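Here the chain labels run A, B, C and D in written order, and each chain numbers its own residues starting at 1.
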Amino acid sequence: MPLLAEARRQFETSKPFLGHKIGMSLHLEPKTAVLLETLTAGGAEIVATGNHGSTQDDVVAYLRSCGMTIFGGRADSLDDHKRNLASVLAHEPDVLLDNGADLAFGVSESRATQVIGGTEETTSGALRLRGELMGKVPFPIIVINDSILKSIGENRHAVGQSVVESFMRITNLMIPGRRFVVVGYGWCGRGVAQYLRALGGKVAVVETDELVAFEAALDGYRVDTIEGLAGWGEVFITATGHPGIMGSETFPLLNDGAVLANCGHFPWEIDVEALRSMASKIETIDNAIERVEFADGRHIILIAEGRMMNLAGREPKGNSLESMDIGFLLQALSLEQIALNAAALLDGAQPVPDEINRKIARRMLETMGASK
Amino acid sequence: MPLLAEARRQFETSKPFLGHKIGMSLHLEPKTAVLLETLTAGGAEIVATGNHGSTQDDVVAYLRSCGMTIFGGRADSLDDHKRNLASVLAHEPDVLLDNGADLAFGVSESRATQVIGGTEETTSGALRLRGELMGKVPFPIIVINDSILKSIGENRHAVGQSVVESFMRITNLMIPGRRFVVVGYGWCGRGVAQYLRALGGKVAVVETDELVAFEAALDGYRVDTIEGLAGWGEVFITATGHPGIMGSETFPLLNDGAVLANCGHFPWEIDVEALRSMASKIETIDNAIERVEFADGRHIILIAEGRMMNLAGREPKGNSLESMDIGFLLQALSLEQIALNAAALLDGAQPVPDEINRKIARRMLETMGASK
Amino acid sequence: MPLLAEARRQFETSKPFLGHKIGMSLHLEPKTAVLLETLTAGGAEIVATGNHGSTQDDVVAYLRSCGMTIFGGRADSLDDHKRNLASVLAHEPDVLLDNGADLAFGVSESRATQVIGGTEETTSGALRLRGELMGKVPFPIIVINDSILKSIGENRHAVGQSVVESFMRITNLMIPGRRFVVVGYGWCGRGVAQYLRALGGKVAVVETDELVAFEAALDGYRVDTIEGLAGWGEVFITATGHPGIMGSETFPLLNDGAVLANCGHFPWEIDVEALRSMASKIETIDNAIERVEFADGRHIILIAEGRMMNLAGREPKGNSLESMDIGFLLQALSLEQIALNAAALLDGAQPVPDEINRKIARRMLETMGASK
Amino acid sequence: MPLLAEARRQFETSKPFLGHKIGMSLHLEPKTAVLLETLTAGGAEIVATGNHGSTQDDVVAYLRSCGMTIFGGRADSLDDHKRNLASVLAHEPDVLLDNGADLAFGVSESRATQVIGGTEETTSGALRLRGELMGKVPFPIIVINDSILKSIGENRHAVGQSVVESFMRITNLMIPGRRFVVVGYGWCGRGVAQYLRALGGKVAVVETDELVAFEAALDGYRVDTIEGLAGWGEVFITATGHPGIMGSETFPLLNDGAVLANCGHFPWEIDVEALRSMASKIETIDNAIERVEFADGRHIILIAEGRMMNLAGREPKGNSLESMDIGFLLQALSLEQIALNAAALLDGAQPVPDEINRKIARRMLETMGASK
């Protein structure tokens, strides 16, 4: 991750976080450790907890050995997790790196006054800040996931490619001539549709917003409802963000052997509970493949229990190194902006400052050798 | 144009324009006559003048024979044209179909009070309404060109394809393996780049906005400055909207035989005057091809004097019937909205109402047979 | 045509045709005049006649003014044409540039002995040489159209692109989202299918050879019979070489408004006679568009009376300059081979010598700047 | 593998191999076990040995439990392997399923007379049969790998996709905007180039045959030598079949961080020995990634030690299930043809009978639902 490494070298000299304590709630896995070390190199004191369920204990041990204060572990219950969040806040951080607005919510409850600002990684956290927490967070929160660099670099291209990669890796099925239905034509959906078609797949799109559907139609896709495509498609990939997009009304319409997968953030787009309840027999074929048989003799292949398929399987890679480099640099530079300049920003959720987006775009163009 | 024909049938019954006089400034050519007849079928009284220079006298004669009041003709001077605009307004229309905000400007000067609202076709008219005329137009003006349907349907796809078509038709050169530089990666530029590459061209992009340039780089294009690409490109197509993008500093850098063309709205992106002043010899090869020779022995091919290449040549077609159908229907339904409902709208320039965009998108999806 | 110009410069020095008289049957139009001048520059004496129906009188006049012996004119009857062929042979040429094997047939009849060899432009001429004339032509004939350079450069890419260009130019319909059926997946058909899909069209393929059909399916196309696709397609383009591929059984199955066009060499793939005989009304819309109405209310649009669509319309361009440059250079170098080296070749129809193909490929790679 | 399953059901009834003993040399892994069971279902007696180095002992145990005679195991030395081949022949099989012509060679040495014919899986075996063994094999051998179904279905599409999949899986690098050099534009190379470009990569091609290079250029690729592209490319993928295509002259020219990978059958296209001998430091990053550092500070990433990248990494899948289904069915039906009809065939190496190719193509079109 050359861009983050470069930021680290600059932070080692400029020390933007000197005297700041950053409270964090984030995935504690090897890759994110690099971000924390970058912030530490800039003079930050770190107090952090993981997201519930994804914490890796060896990473926790390593970070502690680097002098960071870390709460929690892999085996934590949901109650443990809540206590960890409280423990982070009890250390009175003045800058937050938040995830799902959990820390911002804690601060709004405790009415702690030392916080000068922070960042929020997710869109769902941003929704919370602009919903129930509107007006209750008296400091700026920069929302990372709103950056156009994430939309283009990660949601469209990186997810599009990792979905294609994971489909081939998990199923070992060929793409040319296979009939795919991409449900949802947002940033992720159009990346997935584009790359599947580029590899020779026949791709249809389901999209309920007629303006977006019109765009899909001009992009050359067949556009129809799930019902209209249920008897045509061989593989269905959901990317809508909405729960239960494929549910008990859809399953009876599908072809024998249909493959169901999801690449949206939440594991709720395919109603897995309904699917299993309709099954006459369920068989786990591989760690990411479930064969669900119905009484009428048809069967359905469910990928990764409806969780993000590009993080599933035996050797998942997730998004490309480059898209993670962009995401972490957005965090590092946004936190630097908060540390140096919070008073000049408006309170509440706000987009990544334009100059940060532009700086990263320029560096990416250079690093990629775009002019070659 | 099936959508417009359908609107006409509805207008014949609903007569939304009954009692309204629509004052117009627009291209008077055979295709636009269909729009005027559609409005007349809805009960409108029409008083119109053409744009300067594009009026076709036989169309004028035909429209007069249909009972419309039309001013002007092909031979009009610029002064004549101004008088024609004044004549239209002198008829006291209460609804305007404007182009470049000429009629809105006239109304703001005369302080006429009978106007209840109107439409504006162009982006440049919208800029004027939001600039010098801000606050001076006490009625709603719906800006047609801002509609997402135009951006997608016309600027991206229709222009992209007509540029490809006109390049082949005018030059008779092959596209596969040829090196194209697309200057500007807006709606038009990305359509042109996409279709040239799809046909086997090698395509590089020039784009000064780094966020957009990053998108172009992830779309797989080489991204560089004009200077960086001058010695590489064989064909340069401008689509920036800015004057003099290719000028006297660029011409000396180009390869012998380089082809220069423009698909932006205004004929000013290539500095034709500077080009000709640098020439040792100029030869007109065909009605859309000019061979400009320099003293150093190199020559350059200029297409259509830097005017829109997709409207040039012996048999120009312009954009597809479908994109015109969409554009005219946006006009017809927006004018209907003004006629029926102007009082409920805010004053000044505003986007096409969402429900009109959505209605047209739905009808296009059906007409196209998108689900097939 | 830079390659042919280069050959001409070399011929001016090497004079390979000195002392040879080349008898020709070919299209006499401005472009082919360049080929004749190239041969003359190499020392050839030319005696030629046009193909029946395509001779341009001003070209004939120009060639005569250059000292060539030319028979025939635009108004010639078929009998005149036969007399012209006889007149060419009466001049006792020793080298032939043939088209459809007309001159070879004449020589086989007359048992003339001065001919040392020649070239044949067309595949149909090659079929004749390998059929009825097998064993009757006691000299080598190099078949130009068999060259892989023609298959790739002309049949696949140049025809593919000119079909796309002519479709847009003639119909003014948009390609994205439109449903095309390409009938025949040979060199031409796969070029047409590839480029239509690249421009956003939905493309299905009809192909009766199952091995080729399998290739089309893996290339991602829907593959079915004409009957299976008749109710789906909006545009049908034939490229099979076979007569009556779309005939009286197909027309009743087509959708209202279906467009029929052909890009195969012969104007017989769509059974135009049958189509017209089934019509209740026929209307000529434009010089390349015919609207055929049936008693059941449906209508069909026929392009260019079933002739090659890429040569139809008001401003046809045909294939790209580059593909013509390749074709003429194949002629020039093959004739040079005959003039210098006929005795070393086998008698009868044979492919273009490998070293000529390779030489032209190398020069094209350089001229194109393939390494840039 | 639905096609093979179908063949098995037919064989259970028709029993084409009754009374035949098939001697085999092939990979003994789980997938191939399915082929052996299919043949057994058709009445065959099986006597087999694995290829050297790839035998899986649990598969051997399983096959023996099914009543087949299997020689060898994972730990075999090369001498053991030769003895195994001899043991197979000692059982006097009358039909051969050969790999690299090892069994055919043994028969030609021993002058055994009971063999009526067989199949050969590989191209290198076919070369041997048409070279040193020409005239020495007095029975028909059907060469599976020559089938057009393998060229299209496996070499172009399946390899192209599995290379793309393995690149993403092994390196976790993004494809869009990355600069790839594909060395060799045969069936595999053009599949790899096509799919990398389709996913947004910038792709250049190295091809020494000028006719093929011309095709690559018209397909829109930059075409140059390895030396010309060494300073441009970020990733090099070899697919030529030739040893040492990338060697000691090339390595000094490469950019810092260049990635080297191979997808050709043999692990010799990248001269790994030379590469390592030039290194100042070698580091194994992952089971398929080696970081080779030079004294000048540059480093190179070597994938899978130059072996087929699509079979490398922690969770390799190899080619798609569909392409294996085709390959096994070609074996099964070709062996059936030998068993039923050997006397009617010519002696020596020969292509898969046309009717077998066509039958499989038809079944694939149906199974794929090509008409949907």
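Everything below uses one rule, namely that a contact is a pair of C-beta atoms (placed from the backbone, for glycine too) under 8 Å apart; a residue touches a chain by one contact, two chains touch by 3 or more.
Not measured: the values here are computed from a predicted model.
Annotation: A-B is the more contact-rich of the chain pairs A-B and B-D, by number of C-beta pairs in contact.
One simple way to say how far apart two chains are is to compare their mean CA positions; for chain A and chain B this gives 40 Å. If you average the Cα atoms of chain B and of chain D, the two centres end up 55 Å apart.
Contact of a single residue of chain C with at least two other chains is seen at positions 157, 176-177, 200, 202, 217-218, 222, 368, 370, 372. Taken as a graph of touching chains, this assembly is fully connected, with contact between every pair of chains. Chain B meets chain A in the complex at residues 148-149, 152-153, 156-157, 210-211, 213-215, 217-218, 222-225, 228, 357-358, 361-362, 364-365, 368, 370-372. Taken in their complex, chain C has these residues touching chain B: 157-158, 161-162, 164-165, 168-169, 172-179, 195, 198-200, 202, 232, 234, 313-315, 317-318, 320-323, 368-370, 372.
The touching residues of chain A, counted against chain C in their complex, run 176-177, 197, 200-202, 217-220, 222.
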